[in-house]
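Structures are listed in the sections that come next.
Look for chain A in each of the two complexes below; its partner is chain B in the first and chain C in the second.
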Partner chain A sequence: MTRARVRTAMTMLAPYLLTGPAIVFVAVFLYAPVLFSVGLSFSDWNFIHPEARFVGLDNYAQVLGDPYFREAAWNTALYCIVLIPAQIVIPLALAALLLRVGESRAGRIYKPLLFLPTILAYSTAGIAWLWLFDPLNGFLNTVLTTLGHAPSRWYTDPDLALWTVAIVTFWKTFGLNMLLFLAALVSIPKDILEAATIDKAGPFTRFRTIELPLISPTFFFVAVTTSFGVLDDIVGVIDVLTGGGPYGSSTNILYYMFERGLKYFQFGQASAASVIIIVLVLAVTWAQFRLLERKVHYES
Partner chain B sequence: MKADAFARRQPVSHVLLAVATLLAVFPLFWMMTTAFTPNELVLTKAFRFWPDEPSLANFRKAFSEQPVGAWLVNSLVIASLVTLGKLAIAFPAGFAFAHLRFAGREWLFRAIIATMAFPVAIGIVPLYVGVSLTGWYDTRAGVIVPSIAYVGFYVFFARQAFKTLPPEMFEAARLDNAGPFRQFFQIALPNVLPAVASLAVVSFMGAWNIYLWALLVLDSPEKRTLAIGLKAFTSLDDVEPLWGPMMAVALLSALPVLVLFAFAQRFIMAAFSGKVGA
Partner chain C sequence: MAQFTSTRRTFLAGTAGLAAASLLPFRALASSDATVTVSSPWGSNQPFQKVVDAYNAKKTGVSVINRMDGDYQEMATKALASIASGRPPEMMVTGWKFGYFARRTLGARDLAEIDAGKAEEIIGRFKPNVRPLVTIDDALIGLPWAMSTPVTWINMDLWREAGLDENIPLDVSHAWLVEQAARIDKALGGRNHPTYRSALDLSNNEWTSQAYIQNAGGFILDGDKLVCDSAEAIEGMTRFAEPVRAELWTNMDYRAQQKAMFAGNIAIVTTSSSRAAAAAKADIEFKDVMFPSIEGNRKMNSGGNFLAVYARDEELARASMDFLAFCASREGQEIWSEVGYLNTSVHDIPRGPLQEAAIAQLEAGLTPETIWPGARGLEGQDVWRQWVARILDGEVQPAEGLARAKDDLAPLVVN
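Entry: the complex of A and B
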């Protein structure tokens, strides 16, 4: 009798015991820090004067008035404008090409090789390119001077630093979206494509009118994850390649927050920056769901 | 019929893909060739696609200047433990969300999945303060434990894998008086081993590459990982960095994930393209 009751109790509790560890980890290490950030953003707490005082919106005013933050915000917008379309269009094109060469022997070689950069660490990727871009002895400047051009200063040039970071980030991340698109394209039933071929639809027409609508759920997913990634993925590359410089020309808002908090220990300002980032991320996500989800065709 | 015909003869597609592949692989090739070229030759401005006399001098120099061996061990330990931790919490949760009924299931699941959208660095300031106050600063635990928390994708993927198993499987077990834990360990888990392998490989590669957080927490030179140790070769301001030894260490840090990729490609591709149970 009691044994049966213990068993029932265990069955009742089991789901919480099984999900508990995941919930605790997520709550303690992801949600709690974000909530603490919100609290810290209204205080002047730091290691030097540990008695926190409520300072209202001071930290926000300081961050928003900081020219370095404005530079970071402007750069973040530039990174988004450059990288998000590139990280969607080029991987989609590559996936479409991979589908066309199919399972030919060469076709099987392209896919893993194209995916190689994606599995590397940001620091490894950054360092490989640091060397290619090296203004003194790097490969790219050797090519430029051999062709009779003046050598470029690449990541040490304030006008180019942001572009070098964008190139490395793109190189490091395009493989994932390519795989996602390819998986979606492969799952399109063959008979639909055959029908289109018989109808004499050209490859571009066929792609636009048949394949693209059919993979629109993946397209939506990729658009959303890519715009999250554009904040995150860049930070490691920035740190290795430029450290945000020269003169803040390649920093972004996440790296700005990181520097405020952990190089200069201005916890209040860093937290204010992180709250601003969270609000922006939520706004962008909401906008994407409103804009894109209407155009997505889910199969029933 | 035509579907195969258009797959076979695609000269333009082949050319475009070949060019893209060369561009994708070249930085890695250049890293490798530099690693095996004596450093004096590295600094001469000339095209040299492969050294006449490949040498291991750069590796020796790197190991003698920095505790590269210790970095390698640290990277291995940290990546393995993060992976173990993630799998140990993601699979039980995935099973419960897929096959058990309980109050709060939907919103707990959503709360975990929503963390996939968190920028990795977002809570970094309070976390850093927390780690400093608890004495985890400059320890492996300080890197490992908070890193395990990024399980949103893993829980989602595990749940999808368990959902491919028919519910009747577990009803039969219930009639046999098997409780939820026995259902999980004896029936569910053995049937989703490919998914476990996929997530293990993906997690190991991710943890091998942890950068920003490790950079903050690990301070002593001998406690660093390869991913952050690499930077030690760049921070020689003014002086031209030691490119040869630096590329040697970069190659070492890339090697384990490249080998893993070569052998476990199937599982990696499955996890990244969201194909469960392949």
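Entry: the complex of A and C
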């Protein structure tokens, strides 16, 4: 074989050699468990028994017929309706405000303060919020009673637990979206904004007609990642704050799956729930691509 | 001074040397002890660690490591995963209520099967009435050394401030306790008191609700049969929920309640007698009286945990038995008594502070707490808790809630 042929072969092989380890890693730690999970969802297995018994669609029937799953699914819908718009609109508004204050002293103080909750561990944040929401001695109840209102049970009240979890989840996670929006806004060429200002465009018009279209790729990215990220983000808060209670009033489908698998060792049912979740997430992501991607301007 | 220059050759030689060194059996060379790991809910600052340290100091040839693995449920989860991977902890502290799960699913060892003579010697150091608590499916599966029972804790600072009689009887009834709670709330509630927030907390959980049902003459389970919707059980749950209806009990979760009790926010709490050690050290003066009877009837339950052996390796199983023998000895029991559990051993160990009520209940006879049968027994406990919480919150009336609990529990307690 000539040296030229070896070089050609190496050039052809190089991409496979370079990406090979990553592909193996993803295949072993992502796709293989997903496929294993799909197989497990048709079986009755609890980790210890050597043989998994094939049960067909029984696990799916049990999960879909379980009132706690239906409650978890309803709660998940509520969480999504409240949190997805909140985690997009409010961080965007905050990023726009931070852009206006720029590198002033206020900007240097607000940026880290607003981002701080994102880097806190769920356990730390949870303990802090448990104190604030404490049903007998919490700060929020002290404020309520000082103002002459009756104290609330917050996370121990079945009517309020879900909203308590939503508030803490928002507080814990909005910072990252805010930072992404801020980075996108900062990267908009100044001359375009200056030209608009010369044309007497007000701040709101500038934001709506120039800034928002120019950050649409970031907007799209945030919308997609927030939509499935919200399922995951809530789990940490539920685990620390309510454990899904009182009696399932604050749980979501991911936490339901966690409980079926790692609390009650019903791995078949947990796998069935995970397959349902995967299908739901794929459907939502596909819809987002269909509805939003055509409105994204990738060219600068 | 000689300078070290790193080259590719020295780097490779060094790396190869380190790799070879890591393969050497240093641990085996350093010690020939059999090492036994105990999965427990206690950290290194707890009396259990002192028991472990005292045993290790004897250098018997067995080294014991205490590994804190969370609460009973988290420990069971981790145990299941480690059993699946073929490396179970040699021993695990297991809740009484998970007895069936421990034996039937996790495969807790029969101590008699490991060493019949030693097993008899160990269990012989405990009172005969606790032996049935660790006998599951005719197998002796643990050391019955941690027993508690729900009692009533009274915050004497708030009690006095409310102007109530300090001569509190040891044997109290539900009606009397609710009456006192109402008097405390009338005296201290409705104004900006620095600590007082709630008169009473009977504990929103499976344990105290079971005690109320039993005191009313009912049961949750009669053997494997669900009887939680009997007239007696409905009566017990109705009484249990009364203080919430009367706004004397701010229903909350266990963590918040524990914090509130020691912050002086609640005047009367019914919960585990094992809070004795913490209550004795608190800045607040607590008094322990018996769990409220229902019109003089009391059939109290116990709770706690046992130390079970899961080792599959026979040498490690026998090493575990050696540690169990130390735990059952007078020396081990004296150290262990610091926790605040009732003394279940035959050793004459001085009574700890604030244990009068618990001992009175123990002497009157205790039933086991509900041991959930069936492969899905762990789930059964949570389902029961959820219905108790719904009844307390007034989402359902006791009769309906208990009937629906029975329906939900029926498929879970089948063996």
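Operating definition for what follows: the second predicted complex is superposed on the first by the 270 of 300 C-alpha atoms of A that agree within 3 Å, B and C clash if a C-alpha of one lies under 4 Å from a C-alpha of the other, contacts with A are read in each partner's own complex, and residues count from 1 in each chain.
In this section, a residue touches a chain if its C-beta (ideal position, glycine included) is under 8 Å from a C-beta of that chain, and two chains touch if they have at least 3 such contacts.
What you see is a predicted model, and the numbers here were worked out from it, not measured in a lab.
Student: Quick one: on chain A, after the overlay, do chain B and chain C clash, or do they fit? Just give me the call.
Tutor: clash
Student: Have a look at where A:53 lands relative to chain B and chain C in the superposition and call it first, second, both or neither.
Tutor: In the superposed model, A:53 contacts neither chain B nor chain C.
Student: So, A:262: does it touch chain B (first), chain C (second), both, or neither?
Tutor: Both partners, chain B and chain C.
Student: Considering only the touch criterion stated at the top, classify A:208 as touching first (chain B), second (chain C), both, or neither.
Tutor: In the superposition, A:208 touches no partner, neither chain B nor chain C.
Student: Quick check on the superposed pair: does A:137 touch chain B, chain C, both, or neither? Answer first, second, both or neither.
Tutor: It touches chain B and chain C both.
Student: State whether A:149 touches chain B only (first), chain C only (second), both chains, or neither.
Tutor: Once the two structures are laid over each other on A, A:149 reaches no partner at all.
Student: For A:100, is the partner it touches chain B (first), chain C (second), both, or none of the two (neither)?
Tutor: So A:100 only meets chain B here.
Student: Examine A:15 and indicate which partner it touches, taking first as chain B and second as chain C; both and neither are also allowed.
Tutor: first
Student: Who wins on chain A residues touched, chain B or chain C?
Tutor: Tallying touched residues of chain A, the top partner is B.
Student: In the overlay, answer first, second, both or neither for which of chain B and chain C A:121 touches.
Tutor: first
Student: Once the shared chain is lined up, is A:108 touching chain B (first), chain C (second), both, or neither of them?
Tutor: neither
Student: For the superposed three-chain arrangement, which chain C stretch in 258-266, 276-284 or 330-338 runs into chain B?
Tutor: Stretch clashing with the third chain: 258-266.
Student: Per the definitions at the top, what is the overlap between the chain A residues touching chain B and those touching chain C?
Tutor: The overlap between the chain B and chain C interfaces on chain A comprises residues 130, 134, 136-137, 145, 262.
Student: Quick check on the complex: what are the chain C residues that touch chain A?
Tutor: Where chain C meets chain A, its residues are 73, 77, 80-81, 83-84, 105-107, 192, 197-198, 250-253, 255-256, 259-260, 263, 265-266, 375-376, 378-379, 382, 386-387, 389-390, 393, 395.
Student: Which stretch or stretches of chain A touch chain B in the complex?
Tutor: 7, 10-11, 14-19, 21-23, 25-26, 28-34, 36-37, 40, 94, 97-104, 106-107, 109-110, 112-117, 119-125, 127-132, 134, 136-137, 139, 142, 145-146, 171, 175-176, 179-180, 182-183, 190, 193-194, 197-198, 228, 231-232, 235-236, 239-240, 254, 257-258, 261-262, 267, 270-271, 274, 277-278, 281, 285
Student: Can you name the residues of chain A that touch chain C in the complex?
Tutor: Going through chain A, the ones touching chain C are 46-48, 130, 134-137, 145, 153, 156, 158, 245-248, 262-266.
Student: Over in the complex, which chain B residues touch chain A? Could you list them?
Tutor: Residue list for chain B touching chain A: 1-4, 6-8, 10, 13-14, 16-18, 20-21, 24-25, 27-28, 30-31, 34, 42-47, 88-90, 92-93, 95-97, 100-102, 105, 108, 111-112, 115, 117-130, 145-146, 148-152, 155, 177, 179-181, 184, 205, 208-209, 211-212, 215-216, 227-228, 230-231, 234, 240, 243, 246-247, 250, 253-254, 257-258, 261, 265, 268-269, 272-275.
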